[in-house]
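Next up: the structures, one after another.
One chain, subunit A, appears in both complexes that follow, with subunit B as partner in the first and subunit C in the second.
And now, the complex of A and B:
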């Protein structure tokens, strides 16, 4: 199979590059081993302090509702974190004083939402909290398998019941000015979080749960849909295992599912295989490497210098990444490969000019797409 | 790196990071609360089962074996294989008569075929359906596949000479469905391949791939089928140098992957030569072959990638072929399970789950209102036709229809 551009890795960076290239008329394919880091997404695109109109439009056109309001957001632990560009259901506050009295509502039997941590965290900051549980008969079915009563299952059940949730919360509400609910709304219907906000006479805040992240899964679904509507080919569940590289040019890649049927790109390849979690980088007891092309990786020789013994401290291994030229062409044995670009978290901290986390994924992907388009 | 060889576990289960991604994509977890879900039934459960088989949970039978968990898993854990392997290893309940009947597709087919009009009449009739429901717990709301009066094998044998005249040859593993229920699909394949200058021959004697035997607790019989079929495939691939094409995604996945991964039948020497016909045709077109299509063909097509084709990663070939037909208005349906999963949906205890799972797909089809739904799986076809009323065609049949 032959495409103009072949993208390896279908996470945020692969999708952003794919959408941009398809929109510009290129024929592209994305090959992805499995799902990606968006499934753990907090809902805030980190390190995008001043997102361009282009980034906002990209999301809007995909139906991903975002808002931009530099300030802080509530973490699942009841603390606050700086945040700017976020999904619309993530509230952004000018300061950490989000209310005086807070009602925290969880669903009966749902263990992936830490209502007591939230209350503890908020009370430390002088807010009064009350925790209550909602018992929806529709959710009782899910409780039969408590280990798998997870965010996505709840979301699929409660989305159509949002009016009932509003009614029940109104009954629980006393004199609180703020209500916190788990982030399990709007998986299929993105208007649900907004409707819940309108229906409850208090400020409604959605707080994170354990994975899978419902706002993240929704973002993944919408971006993939947009990419496919633009005509992109998304090969989920396939892994690039080998590449044919000759004299500094990548000719084709081989995948697990397509055996000897090589996938070729006439213009460029993009490596957006993520970090350790997604196996874009692999660490063994001796080295850190990039498994598909064997690209140059920036890391420390001394294994003891990979990590910081203080668990919460800055971890050096998180900065390791694939080396690339200023144009983000991948380096192998010190030389750039002429048609292999690198984007997203596989870069580690080798190119801080693109930011970090989701900001890096988006900005490096746009940069690489522009390079391919000759812009 | 040799290290990997010593650290990898069966079905890769130790690679599980407990990330929960798979649980978001399991169609059963949502519809049937008795099912523990892929993570719990797969890698988490495996850890316990290895300690003590006591931890084997019978609810694993609710798994559809749709493999969607494997497609989603970022860590390469063969979640569904783990679940099916555990059922094979630990579940020693003898299968019920009903399950044995449902599983024996070629046996049922060869018995029923000479009496096709009678069987079709019988299974369509309210009374016998009620009877099946009451005695065998085969749900009375299901419509049954029709049996064809003449087998595909018989037809192709009658055309053996003209097929042998083509310069290039492939062998066709047609499967039970084409042979007994729908020979037309086989004839359509012959038409398309002939148009590309390729003649079609049968394997000397194929048997049912055995997937229904595996999922219904008869893996010993399934293994016999596998041994037989792999020997047949070897004959075609190694002795005659042929590729073996298929038109059913489930048969293909079974021949290629379930044989080595679940039944321990080594097929390494033939595996790469077993191809969905859509893939072979795409390869030919890429190499410059051409198909001539009707000038006035018009069809609005909604394509559903069946779960097992999704796992094979080959939906892209059918999509390409369909998009390439002039006059086709193509829509790719959202990736979702139709809920039938072979014999699963026929069982009374699964009917509700089965229909609930399929609903997202059905409503998307109703909203699109296509002329035809395209799909490479025969059981999806029954399910979608029964549940939506829209006609379902294999992409090969659509190609054949659009050819000049």
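And now, the complex of A and C:
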């Protein structure tokens, strides 16, 4: 199989690069193991300031509505974090005072939404909170199995029931000006969060749950669909097992599912395999390495220096990443490979000019796509 | 008697203290147990969880070996729900002296330990994970024991017999009348509240911290802190305990326990100041992995879940200040006879395996001082939860067609599992999916087993002990604790402490899947959840 560009890794950076290249007329393929950091996405793009029109368009065309509104996000634990750009159903507030009287509504038997922590956090900011539980018969069925009350399963159930949710919340609502609901809406039908907001005569805030993040999974699905609609080939549930590199040029890669068929790219490869969790970086007791190409990795030799003994402290290992040239060409044995670009969190902190996390994923992906397009 | 007056005060919530409280309560005494943090936080919960057959000590220390095998047989009777009767192998590898095997077997038999030389082929069949290059094997009645469960069951039995327990309570001083200890000053670490308690006898059962407690009372006990490091693997690689058939050395015991297995240990003298915060070094980790793989080669490919270390409460003989003459046996000091201080006893040394015997010795002395004449019954009376032998039978009896989660609960709580609210969706919802712990089981622990923090809950239910190391279940359980205690702010700090405690055991082995999991947890808590 031959493409113009082959992208290894189907998370945010792989998809952004893929969409950009497809739009510019390239034939591309994305090889994805299936799990990526979007599955635990907070819904806000850290380290991304006022986004360019290009980024806004890219999301909008995929049906991912984002808004730029610098302020603070309400976290699932009832604290606040600064952010500038977020998905449309994730509110950013000018201050921690998000209302005067707040009604927090959870589903009965759902332990992954922390209503008591939210209430305590908001009361600390001087708000009055009331916590109530909704009992939907449709969710009772989900509870037949003791581990089914999780975000995505609930999301699959509640989207069609949004009118009922609105009715029930209206019955619970007294004099509150703000209602907080778990972020489990709009997985299949992206209009649902907006409809719920319209139906409830108070400000509706969707607060996060334990992963998987429903807004994150939705974003991943929409971007993937957009990519496929543009003609991109998304090889889901597959991973690269071998790479064929000769004299500084990557010729092809072999994947687990397509064992004997090498995937070739005539123009370039992009490595966007994520960090440790997605196995873009692998640590063993002796070193940190990049498993596909054996690229140069920036890390500390002394294992003791990888960690901060404080859980909450900054962790050095999180800054490690694949070394790349200023053009984001991957380095191997100190020399850039001529057609292998690197994007996203596999870079670690080696190129701080691209920001971190979701911001880095987007900006490094666009940068790499532009390089391939000769822009 | 006033509410703050007791027959005996026991300081220390390890297995020795809990066992002593149970024994005292069974002899009809009014007991109070005081523990500065939680049950089983010292050496009790920081070892292999090996139900020693005594074989390890047979050659060099026949007294310990005999004590072990006697207690081994007793614990099988009285603590069935804390014990896994796995049996053990002592294997000889090509680099070991096969001649040692006969010496070993003879010594075992002399101590009353059944030790059967078996064919290496049979050993490979009994335990498929064992190093296939073994040239000799001896089968002994080793097993595994859950020290948290054992400790909780002793404490619970004491409570059911009228005993009182003050956890998270520190002894700040002794109340003396002349040359007699008559009580203790205490301060709650949760509320800061101070209280005095009185009893004619106080038992110092603080393990390695007993030296400090004795000092506070005005007497001297020389302890020798010896650190032992261990690793927990994420799978139960072996079903039979594997030991090396040679003189006891580093990292030569692999014990299966619940869903995991544990390799250990090392032995390093440490300064006293480090006892409260022992750390595992990279050298220790490397040694444990290398030596462990000699017992079961697949360990080198198995994910490591945690590294941890405990401090053995070794005591040096009174006439030997140099500490060269260290006893690994049980030490019971009557400070009235030894130092002229009345009303004060120290019980220390010994092992997890011999806790019941230690408790019996200490209680005999307490009873002698109080003029109580009642025989010890702890060797015959099952602990609460252990009235039935097999957890499958227990689960069957309670639920007829038990689910896997109910079976897991029965294996943790024994017959006490009957008290778990279950059979409805809300109570059956799983909080911890790795270890299958339900809302009902957690609430049962909160109701009966003195839980104030998530870490306490982990010791009693295994919440957060599985492969995710508390990533998700910690938050869920925190919600239940916040509700039970009616204080969310405290729970927020508790959750932070819990995650810090998990990380402490993760980073010394922070690579491979352990680092993946840790990265995920750190990312989710910091960036998504906003803790």
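Keep this in mind: the second predicted complex is superposed on the first by the 375 of 375 C-alpha atoms of A that agree within 3 Å, B and C clash if a C-alpha of one lies under 4 Å from a C-alpha of the other, contacts with A are read in each partner's own complex, and residues count from 1 in each chain.
Definition applied: contacts are C-beta pairs under 8 Å (C-beta built on N, C-alpha and C of every residue); 3 or more make two chains touch, one makes a residue touch a chain.
This is a predicted model, so every value here is computed, not measured.
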{"item": "Partner chain in contact with A:284 - subunit B first, subunit C second, else both or neither", "value": "both"}
{"item": "Touched partner set for A:42, first subunit B, second subunit C, both or neither", "value": "second"}
{"item": "Partner chain in contact with A:228 - subunit B first, subunit C second, else both or neither", "value": "first"}
{"item": "First, second, both or neither for A:96, with subunit B first and subunit C second", "value": "neither"}
{"item": "Partner chain(s) touched by A:211 [first = subunit B, second = subunit C, both, neither]", "value": "both"}
{"item": "Partner chain in contact with A:144 - subunit B first, subunit C second, else both or neither", "value": "both"}
{"item": "Touching both subunit B and subunit C, residues of subunit A", "value": "40, 143-144, 147, 210-211, 277, 279, 284"}
{"item": "Complex contact set, residues of subunit A against subunit B", "value": "1-2, 29, 33-36, 39-40, 141-145, 147-148, 150, 152-153, 156, 210-212, 217, 225, 228, 233, 235-239, 255-261, 277-279, 284"}
{"item": "Touch list for subunit B against partner subunit A, complex", "value": "1, 3, 17, 19-21, 23-25, 29-30, 33-37, 39-40, 44, 70-76, 272, 279, 282-283, 286, 310-314, 316, 319, 332, 334-335"}
{"item": "Parts of subunit C lying in touch with subunit A, wherever the complex brings them together", "value": "282, 285-286, 289, 403, 405, 425-426, 428-431, 433, 438-439, 472, 475-476, 478-480, 482-483, 488-489, 491-492, 496, 499-500, 502-504, 507, 510-512, 515-516, 519-520, 522-531"}
{"item": "Touching residues on subunit A, where the partner in the complex is subunit C", "value": "37, 40-42, 46, 73, 75-77, 79-81, 108-109, 111-112, 114, 116-117, 119-120, 140, 143-144, 146-147, 149, 208, 210-211, 213, 275-277, 279, 282-285, 303-304, 306-307, 309-312, 315, 317-318, 357"}
